[in-house]
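Per-chain residue numbering starts at 1, and chain names A, B, C and D are given in the order in which the chains are listed.
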Amino acid sequence: MGLDRRAFIKFIVGGAAGTLFTPIPWKLADDSSIWSQNWSWIPRLKSGAVTADATYSKLCSAGCAVKVKKVGGLAFGVKGNADNALSQGGVCPLCANGAQMLRSPARVAGPLKKDGSAFKAISWDEAEALLADKLKGLKGQSGKVAAISGDGSGTANEVLSGFLAGLGSSAYYYMPSDQTTMAKAWNGIMGGSGQIGYDLEGADLVLCIGADIMDAFGPTVRNQKAIAAKRPIEGDKTVTLLYAGPVRTRTAAVADTWVPVSPDGGAAFALGLANLLIKSGKGASLGGFGEFAELAAKFGPDAVEKAAGVKTEALMTVAKALLMAKNPVVVVGSGSGQGGGVALAAAGVALNALLGSLTVLPEFPKAVSHAPDRSGLLAKDVVAWLADVDAGKAPTPEVLFVYEANPAYALPQAAAMAKTLDKAGLLVSFSTYMDETAALADLILPAPHPFERLDDAQSPYGLGKATYLLATAVAAPEKDCKSTPDFILGLAGKLGVDLGFGAFEDVLKAKVQAIGADWDALAAGGAFVSDRKGSAQADLGASALAKAAAAPKAQGTLLAALDHLNIGTGALATPPHALLTVRDTELYGKDLFVQMCAATAKSLGVSEGAKVKLTAGGSEITARVALNEGVMTGVVAAPLGLGRTAWDPFTKGKGDNVSKILAVSAEPGTGYSVWAGSAVSVAKM
Amino acid sequence: MDSKLFPEGIERCSLGKFLAWLGFIAIGLAWGGYAAGVIFYKGIGVTGLDNYFGFGLWITFDLAVIALGAGAFFTGFLKYILKIDQLKNIINLTVIVGFICYSGAMLVLTLDIGQPIRAWFGYWHPNVHSMLTEVIFCITCYCMVLVIEFLPLILEQKQLNKVPFLHHLAHQMHVHMALFAGVGAFLSTFHQGSLGGMYGVLFGRPYAFREGFFIWPWTFFLFVLSAVGSGPVFTVLVCTFMEKLTGRKLVDFKTKSLMGKIAGTMLTVYMFFKLLDTWAWATGVLPHMGLTFEQMFYGTIYGQWMFWTELVICGVVPAIMLITPAIRNRPCLLYLAGILDCLGIVINRYVFTVQTIAFPVMPFDKWYTYAPNWAEWAPSVMIIAYGFLVMSLSYRYLPVFPQEKGLSGK
Amino acid sequence: MEEKKGTKCCGGFLAFVLGFLLSVVAGWVLFPGMLYSELDQPIPFSHKIHVEDQGLTCDSCHFFREDGSYQGLPTNEQCSGCHSEVVGQTQAEAKYVQEYVQKNKEVPWLNYQYQPDNVLFSHKAHEPFECTECHPDVAKADKAPKYYENKLSGYSKQTMKMWQCERCHAENGVSNACHVCHK
Amino acid sequence: MHAKEFKIRWGMVIDVDKCTGCGACMVACQVENNIAPVTPEVDAWAGVAYDASNKLRTLNWLTVYEINNKKAFPEYEVAYMPRPCMQCASPACVPVCPVVATDKNEEGGIVSQIYPRCIGCRYCMAACPYHARYFNWFDPTWPAGMAKALSPSTSTRPRGVVEKCNFCHTRFQQAKDKARQEGGDPNSLADGAYNTACAEVCPSGAILFGDLNNPAHKVHALAHSKHSFRLLERLGLGPQVYYYSKREWVHRLGDNYLPNEKKA
């Protein structure tokens, strides 16, 4: 019997039928469905003991007391440190990404040197030799070595500024923030010492003028916890929260009252309140009170309505609430966390003084004795300095260090500022991530991620008590990074600059000892809180204030730039996981959205979704319109933190950078660079 | 070339022309095949579906073809169970159309589910409470019935029929066809009803939800009735389309008109209950949920025009046209009524699928719109091309139309 | 359609039967062997030496942590408590110390009861049961049993299937809700 | 629609008046449950350019909705409404699943699911009026190295399956194991012994979690407060998540009301 075609077909059919009586089809169907549970290209979980180590996370500007959760020794998550008063278990939306940001695609893997338009990897030794060589010739030349720091609280600043002082330079600057504005007012104009604090824990009324305390002002987790503690879910509220500002921000959303105040009207509003308080018999023991009262008297309700857009009735209501409260606290700031005027800051101090709630935190003793005083440095004006450099009025730095900051992106009129930064002979970025400044730098010396390093925080701005916190390395290093202060100490040693320490750990130990705190308790995540009060002696500085407050009101549409912590900070682009929290009324696809109310949109001739061009300060951005009745008439609100040109594919090229159109002007009377509430022209595209 | 394979005494176009026609069909198949490849490799993220619109074009397509394919079971029921003998002229076509619709729907479903490897879980781990389980079981079972009904037609192919065994097999199957027609009618009624129930039970979706009696049996029978009210005329339309395409008379107009009458009657019954149901929904179900009729519609894409088009222009109007003998007996009006009827059913399936889930139930949520993209259109086109292919081959090689020889001569 | 007659009816039937039988044999005899790879543990571990000679108990290495989670297969951290250097004479131990302890690498032990990530099994909840109700009794074994890995699904042949878990749960009145066993 | 009774009923009370919409809960949820960030390039490969800004495609078990009183400036008010899975007493999603990939059958009343069983038909998504269920449109991808240590709490899911919030169920198991280890009763956990990632991380304490049936748990009394309401209550799903607000307009947005209808 030959195997012809038909027989073969029958053979095959028989085979197929037979297969049905074997496990083959059934087992294969089952196993392939099991295979679909465990596709090899989908990552597996790690197993092992789950542990949590406490540290202080400085991913957000003020920092969060956290516990880093690990599985089998590898960090995978973050939770709050319930035992630390700053956290009480809470974490901010940025620090919640801490473990993921350890392995962010934007991390710089090791020291890099600019080579043409690209970067070349070099060793730490090479980097040190290169810098030492460059700095050797600059020692003793004033203004040739400069630094910009974005870390308002760390002792690392002492090492860096001490090092600069050792090289004969005093060009040490902090990135602009509400803290620096307040330092300019309190430590500069008013001649006070220490740091202004806000005792939210003890307050029965909190009035926020501009300061978005629930979102981005100061240590937000502590702010939220402090307010929440006095507003139990059931039972009586023991704190009233008032918000005054041009936009119904997150603070306003949970406030008892929102008082719309035009973006440039904060100072007038505060002075108007001061006037009413003084009229009700309130006084302050600060110097120059009489002069101040005279100034405040100029801000009667009508003047305030004109300057700030606040109705008399609303002003009276707030004043009355302040008078009725036992422990009212006024928190002032800018909705964007920067660029606010000295006038508003000073008026805030004055209001608190009138209300008897002026809180001054003493400075902790320095560890690096050569280092200049922090408050003096904070009061300096980095924007004005860079403008001077650009104009040739100040020497162009040969070496410019950038620590924990991203000035090329985050300074007002960012594009122009980046150009000035690029003029520096050697721009050195100590950045953990490939941010815009690092991308511009000639040398990138990556700092470890906050979980990989030893660091500290002394009284993050916004707290009500002098507080000291320690951050320890709780995660294994992911990249070839070196702690910046350690690197600087090494460099100092090479250049013969004696800072008194060889390692940053010793600096911090000395600091902790000087403070009188316990290292082990701090390393375990505890906070050292001092009840000591700083001196509240100062002058109200009314003459400067008078000129500042008399500044002509900006005309046209005003810009209210908003700082939202979940979108990131100037120094940290939106982490990949935080992108989900960015609303589609802020960013959609590649389009930035700016918010305005229907009345404003109508007067500008634009409608929902329309593409617009916003121009100010010689720069422009493009955006789409989102209607939002929570924005005052005549105001355009825009979120900061988008429009990245460096970082990773998650954020690069998404939206536009609102910092570009923050138009800087010099505040009359103080000369301080201000940009909050600047005018912007909106044109339909 | 292949004339030996043609049905007895029938002429067909040249093989070359036929191959060119197949080539044209192949374009549609290839496009859909490519899309299917991308979808299997990458996942259905490549489609225009999203979290708000988990059901879209594909499900609409499935529901629509399953409704329109209902001509098969209903005509079979009338022919074999109720013995309306005239329907023998078109019964083969209804079976083929039914087969194409059901097998096509199943093909789309394998694309539509996220994990096709697990498709068999529907049988192995069934949830007896789920309408979808019923649908899965009934559709597959009924598809098998359709295969059994289709088989004798294939076996009657001129050459195959020469094999005595196959000849007898075909004959025996014909003898017992009433049984299959009965089983088919039972299964179909069941799953057409379940398809209606699939939406009726969504108590979180006010657009589709009906309460108690209005789910069972009301919604179930609305779907059954709408299917039998449109399936027969769809077969007539397919037949007429084929006649126009081939230039040959295939079925006499009397039969077509009868089919129109059948569909028209069912459609009239359907519209009666549908209008009652809609009225009860608008004045009872919705207010009970705190909603108004107007809130169910949005903009143009989900506007009221579609609602009225479905119910009046494509519902009441064709129903009247089909039950009025004077209108029904004029070919162009019969076809127009048929088109309106089928369109109405497609709109019905579309709004139940898409508008149901488009309506923002949470008061602070908003309407989103959905539009299918190429990755959904391509497989749908593929299924249509597949239908054309099966139909073309059947027409060329199988004795589908008993009247063709008599009507067209030669 | 040239040929009118092929093989005789019974001849065709024979081919059918032949195909049928061959595939049945292949399916039952060859297929299981083809589906699994036979593997050995990376280090031949002797429970006998550890238990009988060294007097260790089961929970010296397999123990509950403070939070109630279970330390299944020991890691270097525990093993190197004794084996930071070579302490015995076996080749296996020398290999372990050299290749894993000194290189600070975990041993990729093969888990006979391997369950994928989507399964959440609490040893604590099953503490009242004998280990050997689910695991092979290796406490006294000198040699680790062979490991059979399913080439398609990557599971161990001995991995307990879901229906087995479900049956025991049902018998003991424990919920069979998805999350009871899945994460 | 017959609700099964449970001795323990895990639930939430979310204080809408406290929530600032900061987003920390959403981040914590993604980290705890291994929700991969939307990787733009991967989607671009497939010819679809989606990123995290397309909220119709993103996967977030917990979504914070921004709601408002629909008035013009300056009467305009906003509130934030975090929306986890409601773990309904009569879930719309469970009876529709054709393959029993989801059920509500465990003490505690959490609507549970099993990803390896899900065939991805998305019927449950169509059924849920809260949009609490999400679909894996693509395979999850983490940026290189980020998946080195994923959370041990939740398995990674392949494309093509549906998922949703499960009240961090693994933490429930862990809490029970811990209770057993310490000789306690796993069926009577103390308030706080089992807490979800979102509630744990929330800086304003807006999310409270516990056993709604247990008077010793804070949520028990709060759920019965006159200020508490549930989303779409009259559809009869019986959510185990309560919202708390003293604002009338927030309550009115919690359900559909006819124009002149008073809130019950």
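Everything below uses one rule, namely that a residue touches a chain if its C-beta (ideal position, glycine included) is under 8 Å from a C-beta of that chain, and two chains touch if they have at least 3 such contacts.
Here the structure is a predicted model, which is why all the values come from computation and not from measurement.
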Comparison of A-C and A-B (more C-beta pairs in contact): A-C
Chain centroid nearest the full-protein CA centroid: D
Gap in Å, rounded to a whole number, between the CA centres of chain B and chain A: 60
Chain centre separation in whole Å, for chain C relative to chain A (CA means): 52
Euclidean distance of C-alpha centroids - chain B vs chain C, Å: 50
Mean-CA-position distance for chain D and chain C (Å): 36
Touching two or more other chains - residue numbers and ranges from chain B: 115, 118, 121
Junction residues of chain C, two or more chains touched: 67, 69, 116-118
Residues of chain D whose C-beta touches two or more other chains: 54, 58, 68, 101, 115-117, 139, 155-156, 158
Touching pairs - complete list by chain label: A-B, A-C, A-D, B-D, C-D
Complex contact set, residues of chain D against chain B: 1, 43, 45-48, 50, 54, 56-59, 65, 67-68, 81, 92, 95-101, 117-123, 125-131, 133-139, 158-162, 231-232, 234-237, 252-259, 261
Residue ranges of chain A in contact with chain D within the complex: 33-34, 36-37, 39, 41-48, 50, 70-72, 74-80, 89-93, 96-97, 99-100, 103-105, 214-215, 220-221, 224-225, 227-229, 231, 233-234, 248, 250-251, 253-254, 258, 260, 478, 565-566, 575-585, 587-589, 597-599, 629-633, 648-650, 654
Residue ranges of chain D touching chain A (in the complex, touch as defined): 13, 15, 17-24, 26-28, 30-32, 34-35, 37-41, 49, 51-55, 58, 60, 64, 66, 68, 71-74, 76-80, 115-116, 139-140, 142-152, 155-158, 197, 200-206, 208, 221-222, 225, 244
Chain B-touching residues of chain A, taken from the complex the two chains share: 29, 32-33, 35-36
Residues of chain B that touch chain D when the two form their complex: 38, 42-46, 49-55, 112-115, 118-119, 121-122, 125-127, 129-133, 136, 198, 201-206, 287-292, 356-357, 361-365, 368, 373, 375
